[in-house]
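Read the structure below first, then the notes.
By letter and in written order, the chains are A, B and C; residue numbering begins at 1 in each of them.
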Amino acid sequence: MDRSLYHVLGAKQFDRAELDRLFAASKEMEGVVAAGGDKRLSGRIMTTLFFEASTRTRLSFESAMNRLGGSVIGTENAAQFSSAIKGETLEDTIRIITGYSDVIVMRHTEIGAAKRAAKVAGIPVINAGDGAGEHPTQALLDAYTIQKEFGRIDGLKIAMVGDLTYGRTVHSLSYILANYQDVMVYYIAPENVQIPSYVKQYMDEKGIRYQETNDLNAVAGSVDVVYQTRIQKERFPSVEEYEKAAGKYIIDAALMDRMRKEAIVLHPLPRAGEITEEVDADPRAAYFRQAHNGLYIRMALIAKCLNMAD
Amino acid sequence: MDRSLYHVLGAKQFDRAELDRLFAASKEMEGVVAAGGDKRLSGRIMTTLFFEASTRTRLSFESAMNRLGGSVIGTENAAQFSSAIKGETLEDTIRIITGYSDVIVMRHTEIGAAKRAAKVAGIPVINAGDGAGEHPTQALLDAYTIQKEFGRIDGLKIAMVGDLTYGRTVHSLSYILANYQDVMVYYIAPENVQIPSYVKQYMDEKGIRYQETNDLNAVAGSVDVVYQTRIQKERFPSVEEYEKAAGKYIIDAALMDRMRKEAIVLHPLPRAGEITEEVDADPRAAYFRQAHNGLYIRMALIAKCLNMAD
Amino acid sequence: MDRSLYHVLGAKQFDRAELDRLFAASKEMEGVVAAGGDKRLSGRIMTTLFFEASTRTRLSFESAMNRLGGSVIGTENAAQFSSAIKGETLEDTIRIITGYSDVIVMRHTEIGAAKRAAKVAGIPVINAGDGAGEHPTQALLDAYTIQKEFGRIDGLKIAMVGDLTYGRTVHSLSYILANYQDVMVYYIAPENVQIPSYVKQYMDEKGIRYQETNDLNAVAGSVDVVYQTRIQKERFPSVEEYEKAAGKYIIDAALMDRMRKEAIVLHPLPRAGEITEEVDADPRAAYFRQAHNGLYIRMALIAKCLNMAD
């Protein structure tokens, strides 16, 4: 790996000082967008290499590159169309794209794919999700949103809800939160999809308090942030068990009534029923603001990768 | 719906004054393209969101945005690749894209989808086709072509030929033509795919004369415009009935001989045999000029949406 | 065909003088990229029309256009998504795209498709591969790489290895090499996939020496260039025969030991085992340098098509 390059591979690479710098840079990017963008990346090229579809994430990165004056090449369906089907290794693909662009944003189905790419790339690599592994830019925008909404992350109580085993965003977000003081995390999930032990071990090492429970109602009234995620049907032995579980984790008007007046609801989106539409009008529903924050975080990260941060 | 935004949702929203302004702006765009484009939309981003493939329409919009200096993000296969397959509503998709770009061009399989999008969008929405509903920008370029070819639309006799039930372009074009004086429309189709009653009702309300017939030959000699469309096999009870019907509506050299010397042939394209290639060399074959006019109309509409019309 | 346009359709259209000019222009493009690109194609639009997937080739062209300040529209899956599935002819598609852009880069599954396109296009067409036909820009970057690595092509001994019947790049490269003095070509392949007689006939006409053999080991020690390609399983009557054949044409450390110290190994890529990874670290492994050279050649060709070469 070329250590002189700035890659974004996993949430654990960020310490508090870097998070503070990144969030300050993201805040500046809000001003850049409000002013109609700028041209600091004019002539630079980003490749989006998505082996797994993710329209939302891809468009967010492409918008970020364009807002800074750069251009984008890429494929929205690398798995089906690229030379991967001709038997080419990921490493060969990356070596070649190194010659065509200045930064690679990639999503892959396999854990560790972004790290493998970074090892042979001659340009920075940004991990936009690697299977059940990590999704660091999502976690960064999640944390940035909390910081914006409360003015701080230190001292907050944060509940993560849903499929905590396979949902990579809650893993990455846990690693980010581990940089803050006096944070309390509630992992709220059916037992079969609770937070993995390797995440808990990391939190233990960092001295972060957390509690596992399956009871959202009991916790809802005392937290600052409810971070909702999807529960996937295929994780459960039967449809009945799934429905019993899923029904306990829906955020609706009744649950909002239990929540604190200054609390917020987040969701990495897309949602599929686990936050009802009646919640959207509540000012505590912060998930669309959260989605929009992804643009600023990604602008700041791309600029940093290309040494064009202010 | 944010009423301060300029959306392009259906042909009925255009009155004569707006059509005159739009066609004048499109004429100016011809000069802009001839001069190599300009940069008035530099820094602005268009999202093309195509839930149904349409390479031609998408490329036309993307070319229009690029000719004015803007950039484009998007997906050519939203239905298969986007979070739609994870159960996300169109509304959520639109809310999120609002944060990534300045204007949305969307094609969808469902009637009314563009209107639903416009209701929640924080940026302008342009309908590039919504199922069997409308395709307003096609109708606008059709009318613009007639205006260019004849110097006027008032007083013309216009025959629409083919599948008038399911062909959305003839519906949208009828609504546009309803703004002009002394127009006569011939709806020429097999009875099972004639123009719907709701279109006729609109024409009645606007006082536009029209006639339904299944005999192209009888009408061809007296009209100024023959607007040909495809007849789709699956609309007919049997292949024999389809072939009998389709064969009666082919524009070939023989039919051109019946037409007036100053008449023109239009087609929204793609064609699949309903205009034979021998017709292409006839100066009255205006369908490729028509396709190229789509660029100017779309440049004018995008500029208007982004308040950057001259 | 509009003879005033500069199309890139096949390798035979290039003579020695034009190759010299092109390679000089490509060399200049290396400087342009090192300096961060330029803006000479600002406002110009390239359409990439790929009826067959080829992420590598498409991204290379799109990068080339962007490095010169131009913009790109296109489709990565023309066969599935375009109006081709509605029965539109290639000619109609090209006529329409002529109105949207300034140059077309197309890949198609049928031999001769690029020539058919050029006949009706009002803008330059670049052939990015037409079925088992030609892939001229690949051959040009191959020859450019040889020129760069040795400072000359005249007088070199060049072995082409693999599937020489269906591999279009070796055909196009043979036609390019036919412009040089005192070149010797070795065609090394199993008998069932040897070089076609029409290629040999062309070499004969041009007075180029060549030899056919199935023994890579015998030739490896005496050549300057080993141009490796893939052998495809489906060309052989049985899996055993395929494996017997394929195994004889693998470039590994042992084969590198037989090669001359100043020789190089090329491959159009992607590879799938026919060059082992242990070879990558050998300075004579020139295939990734070769892939990167594709960018400069394509920049030079696009600039030439658009009359913006220096």
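The rule is short, and it goes like this: a contact is a pair of C-beta atoms (placed from the backbone, for glycine too) under 8 Å apart; a residue touches a chain by one contact, two chains touch by 3 or more.
Remember, predicted model here, so these are calculated numbers, not experimental data.
*Asks:* Have a look at which chains touch which and call the overall pattern line, ring, star, complete or other.
*Replies:* complete
*Asks:* Same or different, please, for the chain A to chain B contact, judged on whether over half of the interface numbers appear on both copies.
*Replies:* different
*Asks:* What's the distance between the Cα centroids of chain A and chain B, rounded to whole Å?
*Replies:* Distance between chain centres, rounded to whole Å: 40 Å.
*Asks:* Where in chain B do residues touch two or more of the other chains?
*Replies:* Only 71, 76-77 qualify.
*Asks:* Note which residues of chain B are touching chain A in the complex, please.
*Replies:* Residues of chain B touching chain A: 43-45, 47, 71, 73-78, 80-83, 86-88, 92-93, 95-101.
*Asks:* Where on chain C does chain A make contact in their complex?
*Replies:* Per the stated touch rule, the residues are 36-39, 53-56, 58-60, 62-63, 66-67, 69, 71-72, 76-77, 230, 269-273, 288, 291-292, 294-295.
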